[in-house]
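Below you will find the structure I want to go over with you.
Per-chain residue numbering starts at 1, and chain names A, B, C, D, E and F are given in the order in which the chains are listed.
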C-alpha cells in the first residue's frame, strides 16, 4: 500500500481585500482556505506525494466549501471529520511598500477544530497508511484542547513508528511569554524526527546559551546541540533579511548528523507573504521523504520557498517541474 | 435641540456569494454591514430623521470598516462604543427560483456586542436627545447578556419619557421554545410604545386565544387585545403571501385606538429578501414620528417595505422622494 | 461606390452601477458609449449596411476611447471630428421590479458636440457617398447650436438628394413646452423622408385634432394626415403596453401610401431598456433601404426592437441572422 | 471494498460571458470544467456516492486546472490519465427572454480525450471496484476513436458484471443523420442496464413505430418495447414544455418491469440550462443504486433535475439534504 | 463645545481604469470622491479630529453618493449644501514604469461648487465651532466665483479669530501665468496662519529674489522672508526627488520662528500618487493642532505623507496608530 | 488614394488569469485578441497610418468578436475574410519575480487562418492601395499551408512593387531545428525590404560565420553582410539584457547603407511582456514610412518598444504624442 503524508492542523478561511485596498475601500473580498497543514500538504501533493489532512470542519456550507477547496489542491480528505459550527477566519489587508500587511482574526477558539477532541478523529485508519505526520506550533498555542490533542496524536503516531515533523512557529501573541510555551515545546520536540526552528527558538524556548553574536554562527553553535539533546535527526530553518515589504533575502539551513549546511542567499520577491515558510518546510520534507542528499534537499527547499512567496495564495501550488526548472535556471522569460 | 432616533442592536458583517453562485463556485464575496438597528436607522436617515446607533464594535480593522459603512448610510455613530475583538458574520448564498437562499452564521455569542454590558454604553448622553429607541427581539435571544441589556436600556429610556419601539422578530432557532421566550417578551412588551408583531406572536408568545381561523380575522381579534393588555398605543405588522422565492404579496396592518387598518395587498418583487421587514417597520416609525394619519402611515410603510425588497442589500436606502413617487405611481419607466 | 448610411448625433458616455446596485453601494461602474445615432448605426452595421457617424468628440483620452468603442460596433468614423474637451455622460442605476431605473446626467451643453458648429464637419465628403442621414429630436433640443446645426445639415443633405430619417423623440424635460418645440419640429418634418413618431407628437407637436379616443384609431386617423401634410413617405412608431419594469407588450406600425399597417403585439422582456427604441427604428430603416415589403419591414423592425431590449447595452448588436432566426421562431432553447 | 460509480466521457472547458453580455461586450469570461460524465458524477458525489472519472486530460496547465476543478466537485481522479495537448472548449453567451443562449465550440476532435485509445486507460484497476459505468451518446458521435472506445469499454465492463448506464443524448449536429447513428446506438443499447432516452430516440434511432400521436402515449407505447427488445431493465427520461427561455415544465418518466411511471409536471425556473438533464439522470442513478422504489426514484430525479437547473454551472452540486428538503417542501423562504 | 476643523473645497468624482489598463481596454471604472479638502479632512478624522467639509454638491443621485462617501471617511457633512446639477469628474489612467499616469477632466466650471456663491453657505453656524479652516490654491484658480468666494470666506473666518490654513498648490494649467495668479495669492497669503508652499512659489508667485541655487538653500533663504512679509507663523512643504514613476525620495521642511527644520529624506513607494501631498499637509495640521514640537510635527507629516502614497485612493485613511507605528519602525513584516 | 499598411498573420484569442493567479486559483479569465500582425498594425494606426489586416477568421461568434476587437484598435478589416470554425487561443499565467510567465496553447493548426489558402484572400484589391505588407516568421512555421501562403503573398506583393517587411521571429518550438527553417527563411529574406532579425538568426539560420564574440560586435560584423547578400535595405533588431522577469535593458540597432546605428541602452519595466517586440518593429516601420533619419527612427522605435512593454495587452496602443513626449522626457509625474 502506498504510504501517505498527513498533517494535523486548523483550516482557516482567508478573506482578502483586493488590489491593496483597505477594508473600507472595497465591497468585495477574495477568499480561500488555508492553514499550515493545508499549505504543507498542498506543496507535497504537487510534488507527487499522497497526502491527507487531519482536521475537523464545521458541518455546514462553509465546511463543505473548505473541503472542496482542499480537495482542489490535491489533498485527500478521508481523514477530515465534520461537526460543530464554526471555522476560524482572518481578513488580510495587503501592505504596499512601507505600509505593512495587516491580519485581523475572527474567533478561532470556538471553531470546530479548536473544540475538537481525540475521539473525533479516526486515528487507527490514519496510522495504517501514514509515513509521516506534520504538526505546527500554532496548534500548541491556540487552545488548551488543541495543545493536548497535538501532543497526544504525536505521541501515538510516534509509538506506531510514524515519523513526526514539527514546525515550531512560535507566535508571541498566542502565548503568555516563553515560560508558558517552554514545557509544551519541550514535550513536542522529544517526539520529533524533523523539526523546523531557528536560533531564537533554541535561545528563548529551550534556553540553550551561546556566546556567538552573529546569526549564522549562532545557528551553527545552537542547533546541533538541540539535535543531540532532543534526538532530532533533522532540523531546518531559514534566515530572512528584510529589504522592504516585498523584497527579502532568503537563506536556508539544514542540520543533520551534527553538521549544518547553508544554502546560498537568494533574493525573494514577495507576491504573497503568508504561507511562504510552509513552502520551505514542504521542500525539506520532500527531500527527506525522497532520500535526497542534504545539499539537494536544502536547495530544493529554498527554491520551493521562493516560488511559494511569488505565487498568489497561502498554499504553494508550484509543480515539481516548476521547482526543478527554477533550480536549473532554465527560464526567466516567458515559458511557452 | 433636534431629537434623534436611536436603535440598539447588533451589527453583523454580511458576506455574499455573487451571481447566485454557491460558496464552492466563487473566489470572491461581496460584503456589507447590517443588522435590524442599522436597517431601520438607515431608512429613517434617508427619510430625513436624525439617527444614531447604540452598539459595541470590535476595536480593530473590522470595527473601523463597520463604522465607516454605517456612517455612509447616514447613521450617526457617536453612541457606538469600541472594544472586544469580534463581530458576528453571516454568509449568504442567494437562492433562485425553487432553490431557497441559505444563511450560514459564524460565532455571534463571542462578539463585542453580545459580550457587552450596561457600563459600556453612555446612556446619559443618549437619553439627552433621544425621541425614540428601537429594539429587536433578536437582542433578547442571542445571549443572556444582551437580553438583560435590552430590557435594562428599554426600562431606563422609558423612565426618561423616551418612546420605545420593539420588533418582536421571534426566531425559533434562537430560543428553546415559546416557554423560554414568553416571560422575556412580556416584560419587553410592557415597555413598548410601538410594537411590530403578528397574530402568531399573540397566540403563541402571549397565549391569547381566538376562535377565528382566517388570518385577517385573527389579527383583528387578537392585536387590539394585546394593545389594551400591554398598553401599547401602536401595533403594526405585515401579511406575506409567498408565491415563489422572488415573488410575494405584501399587506400591512396598523392597530391604533382599538382599530385595525389594513393596506391593500401589493405585489412584491424580491431582489434582496433580508432586511425587507425593516423597510416596513421604518415606514411605520416615520409615520408615527411625523404625525401622519393611520392610513397614510400604513400606506407609506408598505411602499417603504416594497422598495426595500427591490433594493440590493439589507439596509434600505430609498429616499423619502422615492417612496412618495412610488405611492403616487408617478413612474414605471426610466426616471431621467 | 457603395453608399453609406450616416447619422448625426451626440455620443454619450454611459456609466452604470452593476448588479442593480445604487451608486452608494458600489465602487465600480460599467461603461460604454452610445447615443441615438450610435445605436441606429450599430444595428444597421450588424444588418450589413455600410455606416458612418457624424459627430464631434473631445480631443482627449475620452474621445479616443469613444472612437475605439464606436469602431468596435462596426461603425465607420471617417466623418467623426475631434476638438473641445468634454463629452456628455450619464449614470444609470438599474431599477428592479417596482423600483424604476434612474438616469443622472452630467453637463451636456458644454460638450464638444453641443458646442460644435457647421464648419467643424466635412459635409462635402459625407454627401458624396451618403444614401441616408438619420437625425434625432434630442439634437433639436439639447442646445441652440445643435438645433440650428441639425436643421442646416438636414437641409443641405436634402438638397443633395439624400434621404432624411428623423426620430421625433420629444423629451419634455429638454423643452419649455410644446410651444417652443413646435416650429422647430415642423421645419424638420418638412425635410423628412422617413419619420419615427406617435399619436402624441401629431396631437401636441403638430396640433392635428382627432375625435378618436382609442390609441390605434388615433394613429390611423392622425398619421396619414401628417404624412400628407408634411410629404413624409414613411412614418413608423410603436405602441408600448407597460406591464412591469421588465415586461411590456410591443406593437409596431408603419404608415405608407396613406395606409397604416400594424404588427402583432409581442411580449417584451427587458434586460436593458435604453436604446430599445433605436432597435425598432433601425429595423424600419433596414427594410426601407433593402426594399422590403411594408409587412416584412414592420415585422423585421419589431423583431429588431425586441432583441434590442433583451440585449445588454444601449446599442443593438444582434446580427441579421439573429433577427431572421427570431422571426422564424427557429429557436428558444440553446443554439449550438 | 466500497464500490465506485465511474463515468467515461470528455471534459470540456466552459467559458462564459458574464451578466448576459455578448462576447464583444466583455473583456472577461467566467470559466469552469464540465461534461456529461463530470456532471453526473458531481451530483452522485454530493448524494454520497464514491465516484471516479475515466477520461484523458492534456498534460499541461489546462489539464492540471481541469483535474483540480473536478476534484473540488468531490469526484475522484485516480482513473484520469494525462497526455496530448488539447481540451475541448466552448463559449457560452447566455440568452435572455426571447434571445436564445449561444454556444460556440472550439476544436474538440484534436483533444486529448478524442484522440485517446484503449491502451491509455487502466481498465483493470477500474473494473476492480466499479459498480456502474455511465456513458453518453456524445462520446459515440464526437470522433471515430471515441465511438469505438465507448463501445469497447462498455463491452468489457459488461463482461465483468458491471452495470452500464447510458444517456442517448442524440445531437443532430454531430451525426450525418439517423442512418449513421442507428447501428452504433443499437450496439450500445444492447449493453445497457439503465438507459436515458425519449420517444424520439425510439421512433427515429430505433425505428419502432407507433400509432399514438400524443407525447405521453407514445412514451407508454414505445419505451416498454425498447426495454424488452434490448433487455434494458430501466429506462428513464423527461418531457419538457418550453414556456420561455427561463421557464419550462418538467415531467419525468421511468420504465421498469414493463410499466411506465410519470412524475407530476413541475415548473422549472432556469438559471443555467446546460447540464440540467444530467441532474435528472443522476437522480435516477441514485435511486437505482440505493434501491429506492420506482416512485421515489422518479420523484427524486425530478427534484434533482429542478435544482440543477436553478444552480449556477453545468455540474449539479446540491446536497442530498437539499433535494430531500425540496421534496418535502420544507422551505421556500430563507434557510437560516 | 468641541472645536472642528473645516475645509472649503471642491468634491470631485474620480473614475479610474483598473489594473493599469487604458480606457480602451476596460469596460469598468473604479470610482470614489475626493478633493483637497476631502483628503485633508479624511486624514485629520483618522487622526482623531472632529471635521466638517464646506462645499456644495449637486442635488441629485451623484451628490447623494458623494455625501455618503465623504461620511464614510469620517468627515462631517452638516456644512455641506446641495443644489445645482453637476460635479467635477476626472478619469485616471494609472501609469506604469516609464509610462506616466494621465488625468482627463470633465467640465468643472459648471459644477455645483464652482457655480456656488457666498449666500449658499451657512457661515455663521460654521464659525461657531471652527478652530481652523483649510483652503487650497485650486479654489483660487478654477473659476472667478470660487476665487472670490475663497478670499471672502477666509477673510470672514480670520475676522472671527479662526485659523486659516492654505495650500498654494499652484497649477500652471489653471492660470494664464504668474501675473494673473500673483495678486490673488498675495491677498490669500495675508490671511494665512499655516501655509503650504515651496521655493518656486516664493520665487515666481511672490517674486522674492535669492542668490542661492541649491534647493534646500533656496528654501532656507526664501521662506523665512515670506513668513515675515506675510506674517505667516507656520510654513511647510516637501522636496521630492523623482526616481521613477513609482519611486521618489521625500523630504519635508517646516518654517517656524524664523527657523527652517528639515526631516530626513525618506524613500517613497507610490501606490497612488494623487492626494499624496494632502497626506503631508494633514500631518502638519495635526502637529499644529495638537501642539507637537516642530521636529515631531515634521516627522509626523512625512510619515503621514509616505503612508498616503502607499495607500489606495486620493484620501488618506491611515489611523493615528498606523503613523506612530511607522515612525517607531515597529513593523515591516505582517501585522497580526 | 491614401496608401495602407497591411499585415498578414494569425489572430489569436488571449486568455489571461488575472492578478498573477494560476489557472486553478481563478474562475475568470481576461481576454483579448492579438497576433504579430494585429500588434504591429495597432501601433501604426495609433501613429496615424492607415492600416488593414490580412487574415481569415472563423465565421462564428468568436470571429465576430475578434473583428470587433481589431476594429477597436483602429485597424481596418476590409481585407479580413471569414470561414472555418476555429481560432488559435492561448492561456497566459503571468509570472512574478523569479516565477516565469507561462503560455499554454490550444490547437492552432486547425484554425481558420492555418487552414486558409491563397484563393481565400482578395489580393488584387489589397495590392491596389498597399504601401507595405508586414509578415512574421511564425506564419512560416505554424503549418505547411501558411508557410506556402506567406511566401506566395510576399512574392506577389513584391512583384507589384509593394514593400515587404518581415520579422524573423524564429521560435525553436515550432521548427524541427535550423535545417528545416533555413531554406524557408532564405526564400523569405530574398523578398524583404525591411527585416527584423538579430545576430543569432545570421549565425544559425543563415550560417554566416563571425570571429567576434561580443554581442554588439557580432551584430556589426554580421548584419551588414546579410543586408548585402539578401539585398535588404533596412535591418533592425534589439538587444535585451534580462535583469529580472519585470526588468530588462533594451538597446535597438538599425542597419542601413552598410552602417549599424545603436540606440542608447534604456531600462525597461515590464507590465506585459508579450507583444513588446512588435512595439519596437512598428516604431521602425513608422520611421521608414515617414522618412525619418536613421537616428530618429531607432530612437522612436526604442521608445515605442519601451511604452509597449509598460502597457497592458499584447497590442501597443500608445499614441504618437505619447511616444514623442517620452522621447522629450517631458513627463514623469502625472499628466493632467
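In the analysis below, a residue touches a chain if its C-beta (ideal position, glycine included) is under 8 Å from a C-beta of that chain, and two chains touch if they have at least 3 such contacts.
The structure displayed is predicted, hence computed values, not measured ones.
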{"item": "Chains in simultaneous contact with chain B and chain F", "value": "A, C, D, E"}
{"item": "Numbering shared by both copies at the chain F-chain D contact, with half separating same from different", "value": "same"}
{"item": "Farthest chain relative to chain A (centres taken as mean CA coordinates)", "value": "C"}
{"item": "Which of A-E and A-D has more C-beta pairs touching across its chains", "value": "A-E"}
{"item": "Taking each chain's C-alpha mean as its centre, the one farthest from chain F", "value": "B"}
{"item": "Chain C and chain D: spacing of chain centres that average the CA atoms, whole Å", "value": "46"}
{"item": "Geometric centre distance via CA averages, chain F-chain C, whole Å", "value": "41"}
{"item": "Where chain F touches two or more other chains, by residue", "value": "18-19, 22, 24-25, 27, 32, 64, 68-69, 72, 102, 105"}
{"item": "Overall pattern in which the protein chains touch one another (line/ring/star/complete/other)", "value": "complete"}
{"item": "Footprint of chain A on chain D - complex, ascending", "value": "64, 68-69, 71-74, 319"}
{"item": "Parts of chain C lying in touch with chain E, wherever the complex brings them together", "value": "15, 18, 22-24, 27-32, 60-62, 64-65, 68-69, 85-87, 89, 91, 93, 102, 104-107, 109-110"}
{"item": "In the complex, chain C residues that touch chain B", "value": "19-22, 24-25, 95-103, 105, 171, 173, 242, 244-245, 273-274"}
{"item": "Residues of chain E touching chain D in the complex", "value": "25-27"}
{"item": "Contacting residues of chain F [partner chain E, same complex]", "value": "18-19, 32, 72, 267-271, 306-307, 309-313, 317-318, 322, 326, 331-336"}
